[in-house]
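Okay, so chain A shows up in both of these, paired with chain B first and chain C after.
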Partner chain A sequence: MDHSRFHITSKQLIFIIIGTQISAGVLSLPRLVAGEAAQHAWISVLVGAVPSFLAIALICYLYSRFNDPDFVNVSKRLFGRYLGSTLMLVFITYAVYFESIAVRVFAEITSVYMLPTTPKWAIVLILIIAAVYAISLGGQVIGRINEILFYLILFDLVIISIPVLTDGEILNLYPLTEIDYLGVLKGAIPTSFAYSGVEVLIVFYALTGRRDEVFKAAIIGQTIVVVVYLLAVLAALSVFGIDSIATIFWPILTLLKVPDLTVIERLEFFFLVLLGGLGVRPTLNLGLAASYSFLRVFDLDFKKYYVPVVIILGVIMFIIAMQPENILEAYSRAYYGGYAFWAIALGYPLLYHLASLIREGGIKNEPSESA
Partner chain B sequence: MLPSFIKRILGRKKQTAAKPGSFPDDDKLSPHLNEKMIKLQPYVDRNRDIKARPFFAKGDPRRKLTLLYMEGRVNQDILYEQLLKSLMLYSDEDLIQGGSAEHLIDRLYQTSISIGQVRKSDSFSDTLQSLFEGYVILLIDRVKDVLIFDIRGGEHRSPEEPPIERTLRGSREGFVEDIIVNIALIRKRLSDPNLVIEKSTIGRRTKTDIAILYIDDIADPELLANIKDKIEQIDVDGIAAIGYIEQFIEDNPRSIFPQLRSTERPDKLVTELLEGKVAIVANGTPWVLIAPSQFINFMQASEDYYERIIVANFSRLFRFFAFFLAISLPGLYISLLSFHQELVPFQLFITLAQARQNVPFPVALEVIIQEVIIQLVVEMGLRLPTTIGQTVGVVAGIVLGQAAISANLASPGIIIVIVITTICTFSMPNYSMVLAVRVLRLFMILLTSAFGLFGFSIGWFLILVHLASLDSFGVPYFAPFAPTRYAEIKDSLIRAPLKTMNKRPASIPHQDNIRQERIK
Partner chain C sequence: MNHRKVLKLGVYITLLFLLSGCWDATDVDELAIVMVAGYDTPMSVVDTDLHVSALTDATIGPGEVRGVDAPSIGASRTSRNYSTPRDYALTQLQLALYGEELARQGLKNYVDILLREPAIKNSVYLAIVEGKAVDFLQSINENEPKMGGQNLITLVELAPDQSYIPATTLYDFALDMTSRGKNPVIPMLRLIHGEKVPELSGIAIFKKDTMIDKVGQLESRWLMMLRGLQARAYIPFTVYRDGEVFDRGSVLLSNDRKVKVVRNGNEFDFYITIFLEGTLTERLSQQPVFFGDRHYIKEVEQAIASNTKTGVEQFIRYMQEDLQIDCIDISKYALAKWRKELQDQIDHDFINERVNIHVDVKVTIKNVGELG
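The block that comes next holds the complex of A and B.
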């Protein structure tokens, strides 16, 4: 694996930002938000995006102050070799742990909807094999595959809009006034967890070819995610209304069962066909970020060690993914992942900014260590 | 005993490829005709198709000459009329008699030989190699140099309609086995002086002529250097067909997808050259390689450009659909019938279930059995002569299918699925892609047998990842889909009107970007 096989374009960064965020989370999002914010759930979706936008701004501003905006270089420069490496290892642990939990959650959905009799470990294993294969091919391929999978989401949106057209009820979104501000804020918390994934920018910033476009690309990507979530929540709300939505575990999947169409009959078919790509994608991006960072932390040769590291990563992921006893435990761990996301996406950039303030001025335009 | 055995094992050195043609150390030719013949004798004697024809120039016994040639490789009319006859009868007596022997060769060359391609050589190895490549050698007594003529001809097929890549409205001429004819077919359609034809040989023993063709002011120099470099690195004793070169130079030899497109249509090749691509022609194969090639090239047929836009796009979209079905249909059938019956419309499910209620196998096994049978029928159809192949195909297909249904070994549904799949497979315009699709289908069948629609989804994900990971000479293989190149969408799933394709495809590196001025 050549180091040059890791460069991505700024256009691909848009799709990576989108791909890491939109996954299994969107399926249950309408229930979680509407439970707190009722018909104003859509406002929660907007408010919940604030931490992500803030994280993008903080990360981009932090890196813009360095000549070699690489996660590893910056960490070592600001915190020294040992503390810097420790911080990076914490990040890698976070990425590996929560991508494994994401695989498990996705395997649970697959199990319930498609393969009730197939053992969980088999579903988890095939998902991880697919992810390991893709990650082992390098960042360029991950960029490309994110691009093509993005169009599947557009297709998904079209499918989701069909029940809205046939069974949607605009009254379900009313009244627009009488906003329960506390409820909206409460709803914004689970929504902000659904936006987890934007932290991959910490690693992908350095891989992007044109650094001047990173901020723009990340903002565009994040905006598209907000729009997709908004449409998904509005679609589910308009069809089910706030009362029944609270009783449906995955409202988006149930949404597809609603319309009664001739010939096609079951809309889920199209959604399920695309499901594999949707579920593996965050694992790809986080997995790449983790393995790339790992090799850089220990300064290992990419040609020699990249593929073995990815395979070991796959084994670790499998072990972690098999830890939760059942679907509820998997979801509760994913919920902790949300808080960890806040700590990483907001905490890391703030910590780094603080460190650079303390070391004041001596950082900018220093010659790079490894570039 | 044992020590000698160990010695033998340890002493076994890594075998190096033997250098062919163990020539004598002395590469120089003697001026005397007899000595030249004696030196050549060991090679000439054991090859009965090498003919030696001694004669005197203008009947003068002092001027002894000998023509050496390979029977069947030279154009005999030219040999007799332009070489033998003119040297024996029409050469100028004064010129031959006068002056020193050293200048005789130039005088003959200038006055008596009416053949275009002639060169002089004083090297024994060059002379011998040229003789076996089909050149005619003229040995002259008392002159150490020899003359080498290129009047290679012999028997070759004349250009006929290409058997695989047929079109309704395109040219009826296809490439043949002869490299010279093939290059002429290309030149005939592309008379740009910037079309460069570089020749060389491949194969230490076969010495197969190959030519690299490109348009000098369109093809990217870096791409060209990359291709040439890879071809130069080929060090093999022989190649039998252009498929050897393909496998030596492609970027991912272990991939299932063909990464170099080959064509048997000169008109198709010209359009590819105009996009900045490089063509590789090899003697002995009626197919020409095009580098670099992308996935969409294997989906494009000449007809797409010769027909009007709506009908052309209609058939191209169907081709992509056929590609999808050829890989997926049996897998989808397994998924829906074994795992997700609830997704099949009720009436349809009842019909399918009733049809297979007496079949003793599970759906997956039923599909695999039928798939194996059809793969064997296709393989047999390729090997048998056309007339017998058709008959046996009908017997195998119709009779066997009907009998299998009657014997309750297969349901009518699966026969329909397999037949549709086979039809879709062979609607691909490129045979290399047909072969890839046949294998991918089995991969999908296995995945869906285990995981249903989820396996189907993962299977396509893996195929897409693999496609996105491929490069052909630095060009992303799956562009313009991944990486997406919006400018090139106009010639991918569908084709835009020719009037709007003003620029060359951006994925293929090239120099002159403008294909045509904007037409209003």
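The block that comes next holds the complex of A and C.
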């Protein structure tokens, strides 16, 4: 396989950062946040983004200290062959688990709203086959898919705004004072989980053509995610208020069932069709990150082993995705996966920084193993 | 053939066999499309809590009403399936009727399935029937077997466009039922003209999920104006000069409101301004009123404002003294300012013990039509 097929532009990195984060999680986010922070949920959305921005800064600063900022090279140089490889395998395991649960959650929503009698395994399988095929084509294709699907978010935002215009009430966001700081902080926890996905930068940093633009691109991508989440939470709050929102599983989807529109009738189905693409993006991005890292860890020939590894990855994803017995268990696993996100997105960069500080002098700007 | 082509071929073949929609494919001939559903207290007294009836769409055959007794709405579906050949499709459900007796017992358990079921939209309209919903549906279907259901839906849907009766959706009800400081109102229906013609008879007032009282058509007007539910309808007026009737007629008015709340210690003063705007549509006096009688429009406006103010103030007294709940949706303004302090008190004797309501009515007649 041509190695250049993994290289992405900094513009594509923006869309990959967005695509890995905005998925089915946004549908339930307003309930989770408003349940803790009430009408100040929007502040929790901003506070919850702090770990993600911090992760971007830590990852970019870490890699900026290396001439060849590849995850595998840096890990091996800082921790040695065995410990470095172990750390990478932990990351790969996390990525595969996370993308599998993302597929399952999306399959659950598809099952509830669109395909109630279709077996869960069929929905999961069809999503994974499509994802495996896209991943097998390499980073450039993944970058382009993310770019195209990004524009669907804009349509989704337009659709979400309709019930706000017809049924939204600004009073539901008041009072702006009386801030419950503890509630805001508690609400920031599930919000920060919704930002999981930014950690793909650990792998995609090295795949981006212009390294000097990575930080800027990642910040732009993360900011767009914050704006989308902010709008989604404000929209749901303004329509449902803090009491009613607590009773609804997916406030963003229920939001679309509220207005009675002539001809279109059912807005949520339009939204879900668009979401069909958005739902699998984390799987594509994390799947690529996991497959690429796996081959680099074991120094395998990309031309020979990349596609088989991606297929095996797909099989593992299917097995993990089918593990939860029901939707509540799937969501529970996704929630606890959020803590793993903290460990990976913040824990890894901090650990690597610590290691490089201990070994400082011998690391700075030294050439490392080539990719 | 290299491995990439084999992979592509494998993907295509697998996707072909996994066209997931096949599992969910349903022939439209196998569906009974439900347009209106009715819920009552049980007809029998043995082991049931509910009587569920459904009026199906008349476009693919004659409309029909079927009803069964069951412990719950979900259980009624199973009971019905023993005798109904077609699958009940609820995606086109547009109106849910509740018998008054059931509404007075509380509707929380009987809207749960409507809110939980993804196929059912939140814009389904709700109405309370004076008497039994099943009798109401059967009468509608017998008298208008082709269009009865659709006409009924249109009557409820367009209620605020031609009368001071609200069109309450499932979303409205759920929101008011679950939100602090709010209480739902739902239009009421009855049969007139020999039990054949449906009529919007007033508004059912709820305390959360339970119906506590009902008001007739005139009181519904005051309730709608106070609650700020926008409507458009004809209102009669009488203009007096020198103590005698000078003119009578009607105006077509739409309404809006503005609410301001001011706190005085432990008491709250609400200032509601009702805005009525529209056109003069009818005069019974034959005396033209052009420039020579420029005060006439002001007199009509004042007559309507005065009549409205009297009506809404009577309604406020009734609400505070008899109902003792906020059915005009003003508590939200207090919550928007003092939520932390009031959220646990607002549904308990707040409106009747700690609130003073002041109303001002502003009427604007924009024109007098084509005659003077």
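Keep this in mind: the second predicted complex is superposed on the first by the 370 of 371 C-alpha atoms of A that agree within 3 Å, B and C clash if a C-alpha of one lies under 4 Å from a C-alpha of the other, contacts with A are read in each partner's own complex, and residues count from 1 in each chain.
Going forward, contacts are C-beta pairs under 8 Å (C-beta built on N, C-alpha and C of every residue); 3 or more make two chains touch, one makes a residue touch a chain.
As the structure is a prediction and not an experimental result, all values here were calculated from the model.
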Chain B versus chain C as contact partner of A:T118, first or second or both or neither: both
Partner chain(s) touched by A:L171 [first = chain B, second = chain C, both, neither]: second
Contacts of A:R266 with chain B and chain C, given as first, second, both or neither: both
Which of chain B and chain C A:I327 touches, first, second, both or neither: neither
First, second, both or neither for A:Y133, with chain B first and chain C second: both
Partner chain in contact with A:I316 - chain B first, chain C second, else both or neither: neither
First (chain B), second (chain C), both or neither touched by A:L185: neither
Partner chain in contact with A:G276 - chain B first, chain C second, else both or neither: first
Where chain A meets both chain C and chain B, residue numbers: 114-115, 118, 122-123, 126, 130, 133, 265-266
Contacting residues of chain A [partner chain C, same complex]: 38-39, 112-119, 122-123, 125-126, 129-130, 132-133, 136, 167, 169, 171, 174-175, 178, 180, 240-241, 243-244, 247, 254, 257-260, 265-266, 307, 311
Touch list for chain B against partner chain A, complex: 339-340, 342-343, 345, 450-458, 460-462, 464-465, 468-469, 476, 478, 481-484
Complex contacts: residues of chain A adjacent to chain B: 9, 11-12, 110, 114-115, 118, 122-123, 126-127, 130, 133-134, 137-138, 141, 143-145, 147-149, 263, 265-266, 268-269, 272-277, 280
Chain A-touching residues of chain C, taken from the complex the two chains share: 3-4, 7-8, 11, 14-15, 18, 20-24, 91, 118, 121-123, 169, 171, 174-175, 178-180, 332-333, 335-340
